[in-house]
Structures are given as structure tokens and as C-alpha cells.
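By written order: A, B, C and D. Residues from 1 in each chain.
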Amino acid sequence: MNYKYKDWLMQIAFTFGAILFAMFIGSLVIMFIGKNPITVYQSMLQFTFGRSDSIGAILFKSTPLIFAGLAVALSFRVGLFNIGAEGQYFIGALAASIVGFSLQGLPWFIHLPLVILAGMAGGMLWALIPALLKVKRGAHEVITTIMMNYIAYSVVHYFVADLFLDKAQNLPKGYGSPMVRMPKILESARMPTMHDFVGIFGVEMPRYIYLNWFFVIGILLAIAVYILIWKTPFGMEIRAVGQNPHASETVGIQSKKVYLKTFLISGAIAGLIGLSDLLGYIGYMDTDFPRGYGFTGIAVALLANNNALGVVLAALLFGFLRRGAEGLQAIEQIPMDVVVILEGVIILSIVVASQLMRRYFKTQEKKREKESQKTSASDGDKEGLENVE
Amino acid sequence: GSKDDAKQDAPAPAPTGEEPLKIGLVFDVGGRGDLSFNDMAYAGLERAKLEYGDKIEIEYLEPAGSGDNREELMRLLAQQGYDLIFGVGFMFTEHIDKLSKEFPDVKFGLIDGYIPDLTADSNVVSLLFTEHEGSFLVGAAAALKSENNSIGFIGGMQIPLIQKFEAGYMAGAYYVNPDIKIQSDYIGTTGDAFRDPVKGRELALSQYQRGADIIYHAAGASGTGLFEAAVQTGNLAIGVDADQSLTVSEAQRSHVLTSMMKRVDVAVYNTIVDLVEGNFEGGYHMFGLAEEGVGYAVNDFNREMMADIVDELEVIKGKIIDGEIVVPVDMEDLAEFKASLGN
Amino acid sequence: MVSRDLVIETKGLRKSFPGVLANDQIDIDIRRGEVHAIVGENGAGKSTLMKMLCGLYQPDAGEIFLNGEKIELSDPGKAIKLGIGMVHQHFMLIPRFSVTENIILGAENSNRGVLNFKKAHAEVEELCKRYEFDLNPKELVADLSVGEQQRVEILKVLYRGAEVIIMDEPTAVLVPQEVDELFKNLKLLVEAGKTVIFISHKLDEVLEISDRITVLRRGQKIGTVNKEDTNKKHLAEMMVGRPVLFTVEKGEADVEGTVLEINDLHYSENGQAILNGVNFEVKAGEIYGIAGVEGNGQTELVETIVGLRKPASGSVKLLGKDITGKEVVDIRKEGIGFVPEDRHKRGLVLPMTVAENSILGKHNSKDLKKSLLLDYKKIEALTKQYITDYDIRVSSPQVEIGNLSGGNQQKVILAREFSGEPNLIIAAQPTRGLDVGAIEFVRKELVKARDAGKAVLLISADLEEVMAMSDRIGVIYNGRITSEFLPEEVDHQQLGHYMLGSEKEGAAK
Amino acid sequence: MLNELFSPDMMASAIRLTIPILLAALGAIYSERSGVVNIGLEGMMVVGAFWAAWGSFNYGPVVGILFGITAGMVLASIHALVTVTFKVNQIVSGVALNVLAAGISRFSSLSIFGMATTSPHVSGLPKMTIKPLAEISWLKPLVTEFSILIPISFILVGVTVWVLKYTTFGLRLRAAGENPEAADTLGINVFKMRYAGIIISGAFAGLAGAYLSIEHTGMYVEGMTQGKGYIALAAMIFGNWSAIGAMFAALLFGFAEAISLRRITTLVPYQFIKIIPYLLTIIVVSGFVKKSDPPAKVGTNYERGEG
């Protein structure tokens, strides 16, 4: 149809506009530190797309963010704000690593799924508390999940530094310091990287790129979440409760149950956030486990307008930015902070642009609707009375 | 800043016609400006640059706030042909282990971390310190100086590295005065614990208010809160890693009894010198009391304060070097050590 | 030429929204001191016209004259300054503010930014006294009844010294007593020299209160008539463009067994008793109407029956089966169709599509699923069926339902709730805010359901509706059914009397 | 042991720890009452802390505080522009601003002080002591050597109550958050009110940051806000969007934090002492929730109907 085509053009135009705007602001910052924005952008692009390793690195970096974005987006769909993805993935990773190092002698096809389940269970457990408090006691989930994040850090520290500190690091007494980590996760629970797989297609990915199957799991999960939300009865309940809990209850949807279930699913997904790093890269849980994915997940989800498939794109964007940041820092000697600033500016300009775009489409839809209503209404009774005065 | 200066010098080819050696350094989270650990590493780098000028080219990087890209940053340096790359902190252990195999031609310096089975031929050198010994001395100093018979310790996170500081400090204090009261506490449970001066100050105040008159910290930038509290309550504090008397504010200076020096700067500097002179050797470099790798600081600001105890500290130092005193490295050892004092 | 006694005159006003010409070539003239009614179907453009007169919308073309002078109303503040004030269809009040705060908002009389509440309260009290409004300035608006809230809206306008008061469907939300009260106030206003423009769908009221009436249809002015020169039927024809039936044609009730049986139902909230022992039953094939002044427990009663609220004691039986205190899903499974009174809050999920809203609540039924997933083809087919059966005016089932007019939204609810052969239909205020055409349709559907042997429970604040539709009438007062009648036993006046608390002798159960 | 725990010293500590949370929570009230969620408080505190340190370093503490406030306001203006003018989701904007603030502060710190994470030591305002009260021993820690911002913060609680309740501005601000459409029809500029609410909240958050860097510690340290912006938001929610409520909630947080810094036993692993503030908060919000009662239209952007 004609308008579809026009919409597409508009969509592309807006997205480009947003990126151009972000680049413009970025240029100001770059010029401020006395560099030439053109060459900086050029080398950033060259670094990210012109190297065989960078693509893999981008996908690897975006993997946790896909899960984070999905977890947050799902909770938003039901009208809850899960700031707690952060704590949930910490506990998930903790649970996964305990199962990962302690269950010896299992074949990988049992051990690995068990570890992943443990991760999900950990995340779910950490989501359960705020969810129950919300449903039973009306405690505001924003407050409780923030608090649960801090508690998670402490719990993880207790487990890693006190309970399960890996004593097998044989240091000469008195010299140096052991790593503050749990025992290493057994091979049988490690997630294989995708080297062999991409090798089939003749792509040679350097060994040090840790891109692993969690990336694929993330994409499949995004599709699953998309289907859950848009194609299943439960998804319909999620959306209905999220948009109007009163009306939902009136038609017999038990909003509390929906809140609880959705929050638990969100927690379970959050439990997966850390596993790509844990099982595909680092190989052990330590006090230095990457932090902040939960918070970035909020930005990812909202950038994607809580759309599960959009989450993948938004996560990739962040992966690209982060990889680019490393390149700029190491090659162009641009402080990392400039890239952090760019990240903020890009989020802002993209949301502004997509907001403008959304509004444009909304009016378009309304217009079409009104037009069709008018035509369908006016063919019924044409005779009408004449002016009576 | 100095970073740009360094860069500007670099492109000019060395007059000898030789390529300058490229030295890289990746900081621990927190990075430059913590006035202790990271800054010491930087000081070593800077000193080398100052002395070798055109012969070397330096670059330092700071990992993302979450710290998850340490390995990537180091790899990028390695790929760009850096000759020697430092990882500041034991968190780099695993990464350097991997990278040293990936890049056999690049040399790595690992501070605080221990990789087993290194030899002189390895391309990694572990730079290790006996923080507990240095801490023992400042613990003794604190016990000697305390008027209330009560001192304190503030650590960032409770991890083996910091507990080494704690155990050594307590042992030193007990050694001088077995009956001394020691309060000990930690700031937090994440890396943020090393950059929370607000809690640092409140924790210090709470220890001072409960009787301590000297507090030693091993808490990175959080320690600045300790100095503030020392001024407020009119008590003494002991710095860590660097000679902190030199970096605190004027008002705080008179409240810094001494600092436990951990000469990361020396370690970094020496390693660079070795490389430049062609003497680089892999394996383990131990920086203990004997090597002046750790120790207590005496400077223009605290000389008077320390005058009456320096002799005694030197005696203790000698005993440790001689092996007469074996300083505990963790809490278990400390309990034994304390028990042995009782006899 | 502009004549002197005209307060407002418009010439060729035009306003379009994306895709709709909401107002086209509108010329109206409003005389000083008159009550001028504007009538028209849903979406005819009444509110749009009024919003232009109060500066909320800017006309695309045309001119507005005030006292013969051309004016530009760039924003509502300007209109207020010029003495034109509007009482909106959906109240523009802030529940958490006191009456005074609501009234003075935006027109505060302050000393360098500091409010003088003492003075403000006094001023409000003074206004109340002058126009005989019964209000406590210090009370929170949240605690006021709908009628009282409306008075606050009117006071807001008066406080700003309005000469012309525009009221958009002021009676849609009022019970008859409150309407009387309102009309009394309006008369006082007119006596004081103010001019009132008044929008309503209720033609009886229009004929009662107004001096002249302007009819709009599809954005165009059809004409202006004097009250004396017209009647209800005539007006309706002008509005709709065809003759409209006002009486509901309904045959004798063919009553069978009891469907709904309520026994001594009690419910309380925050320690306040709201239902105090409700007893009644509804039989198959009859419409049981509940009449009552709003706030006497109607809302709570129906919500307790359908399971949204849990009763303190008593029982609800459906076809003999005890459903007291069960979950909504389980109760609905027993066959209840429920048309809630607040369609935006309880009836629909506005951001969802017409199709999704049409199957909400039935989304778990096997008929609409293909293995685990929803079968969108079937859903769409079903919705299309609804769209034809119920004459819902919408281009496709995939349109967000929030884009539909109130009448069409209500039809979607009816379609959803009536299909699936419920044993009992509960319809709360089913025609509120709808135009005559839509009302006609809804009423017909209710009668159809009854004739098909279903039990219908009708709750309406519109006495006329209750009288015309019901086979039996129960009056609810203070959380109890105080009397029951056959419609032919009582007239308006009497019913109103009972609604205010009198009891039919020996009738209390 | 217990009286050691609940000593006047500990109360003084609790109050010091309360102040940044209280100030940011008060700020949040202005923003939320005008209808805008401000999750960017954390970032506004961060820039406040940095620029206050910078100002104090160069021109003394008074200027420092003004700089801190201004920095918070500047960041808040971006939030206003993005949410009010461009109608972007308020939470996204806040999250992005937090990222931006972290980047800007680190970048500025590096360019100005040559260090990414800390400023040099800077001076604070002269400390106050109330002489006569200092004689009373159990009051002494509370009335000696305290920052003047402490009493000011509590005065600001009263000011906030008064402004919101008794001034034209307050009435209109609240109207913008409760029913922007109504406010608009009454000739109130909703956009202006929301800009004002957000920018005031930025000023408060900036002040909170300034308190941290120049009053409490005497220097800026990266990350010194430690999530206090989020805690402040929680305090405001828990305080049910009222200044008095937020004050008590902030005191609760401050108190709990002070407790967690006074370990009196080594029997419990310290990690569990550190969670006391968070645990206590959870218990309190789940145990004593009144019905929370946010401004009706908070979180939703206002658009004029016409369009």
C-alpha cells in the first residue's frame, strides 16, 4: 500500500536524523578535546566494522544486554518497573557458578542446562521477594528492587569472599594476593564459543573473541518473548493488566497473579544476563563480576520501546558503542569518558527522534481511521434535513 | 595534562634512530587520582618517562566502570605492538595469564597478582609485595603512639589482600602492646568501597568516638574520609600505599602519623628500567621490607611525631627481615601469633 | 450586521482534525441572558465548537465576535479574561485539592505569590451564597458527589467573572435530583444576567431549560430553533437525519425461573458499611431495573455480584449455585455478561485493538486458540462478526479502541458481553453519554437479550430509562433494596421520592 | 552495648548521612509534584558534587555550593527539554542523564584536575557549634562542628511544605502534576510549571552533591554518591510525595546506614551488617505501607489535546 511505503521512508529518515544529531553533539565534545571529529568517527567505524574481531566483540558485548533488555521490557509490559535486574543477575550468576563448580562428573549436556536453570532460578528467587511484597503488601517495586540490588552485592560478596573462596590458588605465603573468586566452573558447564560454527561459513573469528551460544539463545529468547507477548493468551493478559488493571480484573483476569508470574519470568530472564560472561568468558564468579547490565538494560528496553525484537537492535547498538569506545581509547587516545558522554547523548537523541516518529505515525493512523469512519458512516443515511430556520 | 605532553613528545623520532619502546598500563577500577594504589603505579610510569624521555613512549588506560573490559584493553595494546604492559591489581591475574600466551613477544607486568609456574624466561613478571610486613610496622607505630590504648583499622572490602593489611597491622600492634584494643571494620562489599569517602569518614568517626585515637586505612580513595575525621576529632590517621602526608590537605597533614608505603612505583619503574636496559626477566619479583618495597614513611611533616619511635620501629623491622618475627598474613595466623605473644 | 443583544456570534467557523472536519461553516448567535442548547449526535462537533469558543482550540477559518467585536481566542486564559468560561464534559478538577484551591487555581488572589486562604475561602463562600450553591470551601473535591463537583466547576467559571458559561453535557453524569438543582442554579445565573450555552443529549432537558436550540450534525449546523417551535421528535430528526423511536418496543415478559438470587448481602469498605443486607432476585426473561441516587451502593452491588469485591456476609446465587466471594473468572464461567458503568476504567483497555478488546476475558477459550497460541484469524473473524451484528463503526478490527467514539466503544463491550450466551446480563449505566441513535441501539439489544430468555439486571441513574426498560424495579437506598415495583405502579415523582429514602409500605425485605 | 549503638554520636552520624538523601528527596518532590519522574537525581548529584568541588577549589565554598546547584540545574534543564518539550519517556531520559553525568564528570575531572576520579582537597563552609547546648553532654555531638547545610536542609523541608501549600507557584505546580489538562484550561502554563519543578529538583540534587563533596568529605571522589539518588527517590516514594514524609524516610535511611557503620559484634559476617539499611527499608515499606498516593499524572507527558 502507498502509505506503508511512505511510513518506511519516514522511519528511516528519523533514525538517520537521530544518529546524525547524536554525532553532531558528539563532534562538539570531540572538538573540545582538540580532535577532528571526522577522523575520529572514521577510525571508530573502521575499528568496529573494518576488523574481523570487532564484529564478534560487538555481538559478545551485546549478549548480556539482550537478556537485560528483555527482562526489563517484560516487566514494563505489565506495568512494573524492574530496577532489580541488576541484583537478579548477580544472584543468578552466583547460583549458576555454585552448580557449575560443585557438580562434578556430569556430561555437558546435563551439566550446562542445569547451570543455566540454576541461573534462572537465582534470578527468579531474587525477583520473587519484591513480587510477593508488591502483591501481598503493596510495597512499591521500585523501592524494594533497588534495595534488593544492594543486598545482592553483599550476598555475592559473602559467598565469594567468605564461603567459597577458591583456596586452590597456591600463592607463596605472604606474597601477592589471591583472586577473590570462587572455584572455576567445570569444563562440562562452560558455554562453547561460536568459533566452530562461524567457521562453517568460512568466517575465521579470533580465539580471543568470546562470542558464545548465549548470543543465539538471547535472540531466540527475544523471539520467544515477542511471541509470548503478542501471540499467547497470557501475553494478552500481561498487556491488558499493564495498560488497565481495572478493566482486566473486570473481565476475569487476576491481575495479581499476572503481576507475580510476569515478574518471576522477568527475574528468570534477568538470571541469564550474567551467564554469557560467566560461562562463556570469565569462567568463575568473583567480586569483580561485571556490574551495571541491569541498569543499562533499562535504557535498552526503553530505547526499544519495550519491543522484544527492538531490544536486540538496541543491545547491538550498545555493543557497538562499547566496542567503539575501546577502539577510540586505545587507538585515538580519546578518554573513555567521551564515549560515555556519547552514549548518553545517543540514547537521548534516539529517544527524542523516535518519539517524534511515533507521534507522526500515530497521527497518520488516526487520520486513516477517521477517514474510513467517515466514509463508512456517511453512506448510511444521506437524505438529512434541510436547514430549518 | 601530562598525558598530552607525553603524546606530543612521542611522534618525534628518537635521535638514535631506534624505535622508542612502547609501555602501556591499564589501571584498576577507580583509576588515576585515588592518591594511593593507582597513583603509585602512575608515578612509576611517569618517573620512567622523565628519565628515559625519547627512549620510551607511554600510554595508560582506564577500564570501564564495571571493569569488564580489562582484558580487551590490554589486548588492544598488545595488538598495537606495545612492548611492555602493566596490569595494576590482582584482578588482572587471569587476563594476563591468557594474554601472555596469546602474545609471546609482549612482556607483561602484573601487580599483586600471582600466576603459578613462571620462570625467568616467561614474558610475565609478577610484582608482589609483603603488605602485611609494612602494616606490621605501622601497627607497631600506632600502638606505641596511642594514648588511649585503642586503635582502629578501616578496610575497603574484606578480601584476602586487604586482610593482609589488617592482620599485619593488628599483629604489629599486639606485638608492642598485647592488651591494646583494636577496632576493625570494612566499608562495603563492592569495588565502590574503595571510593566512598562518605562512609570512610563516618566509619572513622565512629571508631574515634569509641575510643580509638589512631586509625589505619587500606581503603583507597575512601581513606580521604578518614583524614577528614581525624582533623575533626583531633586524632591521628595512618595512610596507605603512597606517602599520603604529601597529598592530603594542609590541615590534615599534622594528623597523618605515617603511611604504609607500598612501592608500586618502584616496581613499575624498575621493570621498565630492566626492559630498557635489556635486563627484563620474567618470574616473580618480591618487594618486601628488605627490598624497601614496603615500609613506613618518614617525611618533613611527621619527622617530629615519629622521632621517639623510629628507633624501636627499626629494631622491629630488622627482626622481621631476619625472620625473627614472622608476620601473619591472615586472621588465622593472627590468632596464632597473638597466642604466641601471650607466652 | 451585528445586533446589540448578541453576546457571541460566529461566522464560518471551521475546524478539522486529521481526517475529520469536526466543524464546518458554523454560524451561531447567542443572545444575552439566554440558555442556548447545542444538540447533536456523538461526534457531531459540539465539544469542538465549544472548545473554540473558550480558546482551547483555534479555528482553522472563520471569526468569533463578542459583543459585536471580533476577538482572537489564542488560549483559554484569554477567553476567561473576556468573560467566557467553560464547564467541561469530563470534569477538569483536581480531587486532591480543596474546593477553594480548585476554584482559585490560575486566578489566585495572592500577595506576592503567597496565597491568602482566609480571603479565598470567604470569596468562595460569598459566591456560593449568591447563587445558592451548597458547598463547603474547605472540603476536598475527592470527597464530593458528582453533582457537587459540577458546582465547583461552575463556581470556577463564575469566580473568574464569566458572563458566558458554556457547559458540555452537564447532566450526563447527574441524577434527576441533581439535575433539578443544577437547573435551579442556572436560572439564578440567567437572572443575574449571565448567558448559558448548554450541550446535552437529553432532549427533554433541553426543552425544559433552554430558550433556543442549535442542532449540529456531522460538523455542520443544521439549524437553530426556538423552544416553542419544536419538540423532541423534531429535534431528534434534525440530529440524526431520520425519525427516531423514543419508546422501547417490548412485548410482555415471558418470565421463567430465578437466575440471580441475592440474600442479605453485606459489604463494607474502610469500616464503612456500604451494602446493608441487599435482597432481590432476577428471573429469566425479565429486566430488573435498579433505580437509585448515585452513591447508594449500586457500584459496589454489581461489583460484588461479579466478584470484583468480596462481600462481608450474605450470598449470591446464580441458577441455584452459590458464587459468593468467588474469583471473577469463576463467576464469569457461570455465564454472566457484565457491562460496567465506567467503560474507560473498567470496560476497555483503550490502547488495545478492537479485536483484542472484543475477546478480552475469553482469550483463554479453546475456540480462539491454535495449540498454545491465540488464533488471530478466528479472532478477527469473530470481531468482524461483532462489527456487523452490532453496527460498530470502525474501519478494521486492528484499530486501537481508544480512537472510537463513546457509542462505538460501548457497542464493542455489548458485543463481547452479550455473545457467548450468558444467563445473566448486568448492565450498569449502559447508555451514559451516548447519543440518541446509540441509546436506541443499546436498549434494543437489552430487550432482545431479555426476549431470548436471559435475566437482565439494569442499573441506571436515568429514571426514564429504568421506567421504560424494566419489567420490575427495585429502589436502592443506603445499601438496601428498599422497595420493589412494577413500572406501571409508579410515576417519576413517586420513584424519585422512594429513591430519597421513603419506603413502600411493608415492602422492605 | 546498646547505648553505645544509640549514642548521641551515632545520632549525629545518622543526621549527616541523612542530609544528601533528604535534599535530593525534597528535590524529587518538586519534580514529581509537577508530574515528572526524575530518576536522573543521581546524575544531578554527581555533577553537583563535582562542580561544587571545582567552584570551592577556585573561589571558596560559597561559590562552590552555587556551582553545585547550578550544575544540577543545567542537567535538569536537559531533562526538562527532553521530557516536557520532546515528550520522551521520563525514565529513559533520567537513565540517559545518569550515564551522561558520569561521563561528563569524569571527563571534566580529567581535563581540569588531571585526575579522572578525584579532585584535590577543597574547603567547606565554616563549621557551626551551638555553644550553650554543647555543654549538655548528650547533645554535644549533635550541636558541635556541624555543617551549616544541616540546619538549612531541615529548614528547606519547612520551606517546601510552605511553598507547595501556600503559594501560587506551589498550587500551580501541583496542578500540573495532578491534572495538567485542567491547569491548561485555566491558563496555567503546564510546560513552564514542569520546567520549574524539574529545574528546582536539579538545584536540590546539586546541593545534595555539593554537601557530599565540599561539606562532608572535603573533596570530590568519583562515585561518591553511591546510589543516593535512587535511595532519595525511594525515600520520596516512601514519604508519600510529601516533604515531611520524605524527611522521616530519609532519616530512617540515614539512621540505618549509621547503624551499619557501627558494628558491635564480629559474630555476624560484616556483609550482613552492611545490608541493614536496605533490609530495614524493605521491612518498613512492606510493613507500614499506607496506600501510596502519587500525583495523579506523574510520569505521563502532557500534550495539548489539539493535534
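To be clear about the criterion, a contact is a pair of C-beta atoms (placed from the backbone, for glycine too) under 8 Å apart; a residue touches a chain by one contact, two chains touch by 3 or more.
Just so you know, these numbers come straight off a predicted model, no measurement behind them.
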{"item": "Comparison of A-B and A-D by number of C-beta pairs in contact, larger one", "value": "A-D"}
{"item": "Where subunit B and subunit C are represented by their mean Cα positions, the distance between them in whole Å", "value": "75"}
{"item": "Centre-to-centre distance between subunit B and subunit A (centres being mean Cα positions), rounded to whole Å", "value": "38"}
{"item": "Intercentroid distance (Cα basis), subunit D paired with subunit A, Å", "value": "29"}
{"item": "Between subunit D and subunit C, distance of the C-alpha-averaged centres to the nearest whole Å", "value": "45"}
{"item": "Per-residue multi-chain contacts in subunit B, two or more chains", "value": "62, 65, 158, 189"}
{"item": "Junction residues of subunit D - those touching two or more other chains", "value": "102, 110-111, 116, 271, 274"}
{"item": "Two or more partner chains touched - positions in subunit A", "value": "154, 157-158, 162, 335-336, 363"}
{"item": "Chains grouped in pairs wherever the two touch, ordered by label", "value": "A-B, A-C, A-D, B-D, C-D"}
{"item": "Residue ranges of subunit B touching subunit A (in the complex, touch as defined)", "value": "7, 29, 59, 61-62, 64-69, 71-73, 75-77, 80, 90-91, 93-94, 98, 102, 112-114, 116, 126, 128-130, 132-133, 157-161, 164, 189-191, 284, 286, 327, 329"}
{"item": "Interfacial residue positions of subunit B with respect to subunit D in the complex", "value": "1-3, 30-35, 62, 65, 158, 185-186, 188-189, 192, 195-203, 205-206, 209-210, 221-222, 224-225, 228, 232, 248-249, 252"}
{"item": "Residues of subunit C defined as touching subunit D within the complex", "value": "54, 56-58, 75-78, 80, 86, 88, 92-97, 101, 104-108, 110, 113-115, 117, 156"}
{"item": "Contact footprint of subunit B on subunit D as seen in their complex", "value": "4, 7, 9-10, 13, 16-17, 20, 102, 109-111, 113-118, 120-121, 141, 145, 212, 216-219, 221-224, 226, 257-258, 261-263, 270-271, 274"}
{"item": "Residues on subunit A engaged by subunit C in the complex (per definition of touch)", "value": "227, 231-233, 236-237, 239-240, 243-244, 246-254, 363-374, 376-378, 381, 383-385, 387-389"}
